[in-house]
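Each in C-alpha cells, the structures are laid out below.
In the two complexes that follow, chain A is the common piece, with chain B as its partner first and chain C second.
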Partner chain A sequence: MSALYNAIFRNNYTMLGAVFAGAFAFNMGYDTLMNKIWDHINRGRQWKDIRHKYATSEDDE
Partner chain B sequence: MLARSCVRPMRAFASARNGAVQITKRAASSSSGSSAESPLRLNIAAAAATAVAAGSVGWYYHLYGNSHAMTPAEEGLHPTKYPWVHEQWLKTFDHQALRRGFQVYREVCSSCHSLSRVPYRSLVGSILTVDEAKALAEENEYDAEPNDQGEIEKRPGKLADYLPSPYPNDEAARFANNGALPPDLSLMVKARHGGCDYIFSLLTGYPDEPPAGAQVGAGLYFNPYFPGTGIAMARVLYNGLVEYEDETPATTSQMAKDVTEFLHWAAEPEMDDRKRMGMKVLVITSVLFAMSVWVKRYKWAWLKSRKIVYDPPKEGQTKIRD
Partner chain C sequence: MAPLSTVTRALARPSVFRQAVRTISTTPAVRGDSSYSSPFKGESNSTKVPDFSKYLSEKSPKSNALISYFMVGTMGAITAGGAKSTIQEFLVNMSASADVLALAKVEVDLNAIPEGKNVIVKWRGKPVFIRHRTAAEIEEANNVNVSSLRDPEADADRVQKPEWLVMLGVCTHLGCVPIGEAGEYGGWFCPCHGSHYDISGRIRKGPAPLNLEIPAYEFPEEDKLVIG
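== the complex of A and B ==
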C-alpha cells in the first residue's frame, strides 16, 4: 500500500500522469469492448460484414 | 357615391370612438367630477360591437360556406406503424438492404427524383466498394474547371461528385411531369410526417381502383396516404421490377422496404455512428451516476443515521446542567 502511495500519490506530477495514462488506457479498453458488443448486436448488418461479397481485391476499402 | 356612403358609418364609428376615449378618461381620473357617461350610449356601443362581430362571422360563412380548414382527405391517411429494425435504439442499417435499396433507387426512382445531397464518396464503405463507386461516378459527366480559353469542358465524374439529377432544374422537371415537381429524396424521410412508415405506405398503398366517390383530378392517381389523395406519381413498384443481385425476391413490399431504408440512410447517414456513440455514452454515464449516488450515500451516512434525542430536565431539578 505504501509502495502504491510512494509510486503514484506522493507527487502531484506522478498523480497527474497516472490519471492521464489511466484515462487513455481506459478509453481504449472501453471502446474496444463496446465496439465488440455493438458488432455482436448488429452482426450481419454492417458493411464490414458484407463487404467480402463485393470487394474484388484486398487493398481497396 | 360609394365614398360618400362609406363616410357616414365612419363618422358613426368616430363618435363611438370618442365615447370610448371619454370612458377611458373617466376611468383614469376618477376624482374629477365631470359628467358621467350615460348608460344608454354604452349599451348602444356594446350592441353595435356585437352586431359587427356577428355580421362578420355571417359574412365569412356567406363567402366561404360551411368549410373545414382540414378534412381527413387533405390530411391523408395516417401511415401504419411498422417495426423497422433499423429504427431500434441499438441497431444499425441493414447494409445489404441499403445496397438493394440503392439499386431500386438507381433503376426506378432516379428517372424522376434527384438525390442531390448524396455524393459518391458517401456510398463508399456503406453501400458500394470504392471500385464500384468510381465506376458508377465515371458513367456521368460533370463540368470541369475552365480551360485556358475559359471554356468549361466536361469530365467524367469522380468520388467527390454528387449523384446527378434527372433534370437540369425544377422548371424542366415540372415540364416533363405534367406540372408536378418530383421532390428531391435526399432528406425525404426527415421531411415527411411518419418518415419511413409514410414512404413505405405511400409506395405500397396504391389501390387497384380509386374508391367509389373519390375525386381524382386529371393526370393524378389516387393514394390515400398522400395528403389530398391525388398524387401525380403513378404506382411504380410492381413485383419483379428489378432483379436483385443477392437474389432476394423483388416483391413490391420488399422493394419499397429496401428503398425506404436506403432513403433513411440518405437522410441520416451518420445514424450508425450516432447510435454506437449513444450506447457508449449511456453506459458510461449510467455507471458514473450509480457511483455518484453511492458516494453521496457513503458521505452522508453519518448524518442520515444519527439520532437526536431530547432529554427533558428531571422533576424538581432546577440546576442547569453544564
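== the complex of A and C ==
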C-alpha cells in the first residue's frame, strides 16, 4: 500500500505519467470491448462474416 | 378566505422553525466536548458545533489519501481517454474516405500504348496525356535551347523515363484541352487561343504562360504507370 503510494502518487509527474499510461491502456481495452460487443450484436450481418459466400479467391477482394 | 389563511400559515412557519433549531443546538453533544468556542459574548448557548468524532476514519491517513488519489487518477485517465478519442474521431472524420482514395490514383497498362501514340486518361476529373515518344522525338526535345523558352525547363526535368511523357492535359492559358500531334512544333495545339506546345509539353508559341503541368506519377513495375 505504502509502496504503491510512494511509487505513483508521491510526485506529481509520476502520477501524471501513470494517468496517461492508464488512459492509453483504458482506451485500448475499451475500444476492443466495444468492438467485440458490436460484432456480437451484428454477427452474421457484416461483410467479414459473409465474405466467404461471395469471394471466390483471395485476389478479387 | 383560503389565501389569507395560507399567508398566516406561511408567516407562522419561520418562528416555529427557529424554535426547533434552538432546541437542537442546546442539546448536549453526544461524545466529548466541542473544542469550538464562539468569539461573541452571549452566543455560547446558541452556537455549539456538534461533535463529529464518530465520523472520523479509523484507517491511517495514508490509505485514505491513496484511495482519494486513486479515484482522482482514474477519473483523469478516463477523461484523458475520452478527450483523445474525441479529437481522434474528428480527425479521422476529416481525412479522405476510402472511395475518394480509390479515385485518387489511376493505373495505366503501358503495354497497350505503341510507340509514337498518345493516350488520354481521366484522372481526378482532368485529362492526362501519356505519350510513348520515339527516339527521334526525345532527340528533338533535348535539342531545344532551354534558355530561349518562355518557361525554361529541360526535357530531363519533365520526364522520369524519356520515352514516357506524362502531363496534365489542361492548357495553362485558360484551361482548354489541347489537341495532340498538332501545332507547329509537333506536340500539342490548343484550339481555343492558339497555344503551341512542343513534344515535351513546353509552351513555344501563343498566349499560354507556362508549360503543361506534370502530375505526380511513378512506375511501380516495368510496364505499369500509376498517376497520383
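Points to keep in mind about this one:
By our rule, the second predicted complex is superposed on the first by the 55 of 61 C-alpha atoms of A that agree within 3 Å, B and C clash if a C-alpha of one lies under 4 Å from a C-alpha of the other, contacts with A are read in each partner's own complex, and residues count from 1 in each chain.
Definition applied: contacts are C-beta pairs under 8 Å (C-beta built on N, C-alpha and C of every residue); 3 or more make two chains touch, one makes a residue touch a chain.
If you're wondering where the values come from, they're calculated on a predicted model, not measured in any experiment.
When the two complexes are overlaid on their common chain A, residue A:Tyr5 makes contact with chain C while staying clear of chain B. Legend: residue contacts after superposition of the two complexes on their common chain; A:Ile41 is shown touching chain B, with no touch to chain C. When the two complexes are overlaid, the chain among chain B and chain C that reaches more residues of chain A is B. Legend: residue contacts after superposition of the two complexes on their common chain; A:Ala23 is shown touching chain C, with no touch to chain B. Of the two partner chains placed around the shared chain by superposition, chain C is the only one that A:Met15 touches, whereas chain B remains out of contact.
Shared interface residues of chain A (contacting chain B in one complex, chain C in the other): 30. Only residues 90-96, 99, 124-132, 246, 272, 276, 279-280, 283-284 of chain B touch chain A when the two sit together in their complex. Residue ranges of chain A in contact with chain B, taken from their complex: 30-31, 34-35, 37-38, 41-42, 45-47, 49-51, 53-56, 60-61. Contacts from chain A toward chain C in the complex involve residues 1-2, 4-5, 8-9, 15, 18-20, 22-24, 26-27, 30. Chain contact summary for the complex, chain C toward chain A: residues 62-63, 65-66, 69-70, 73-74, 76-78, 80-81, 84-85.
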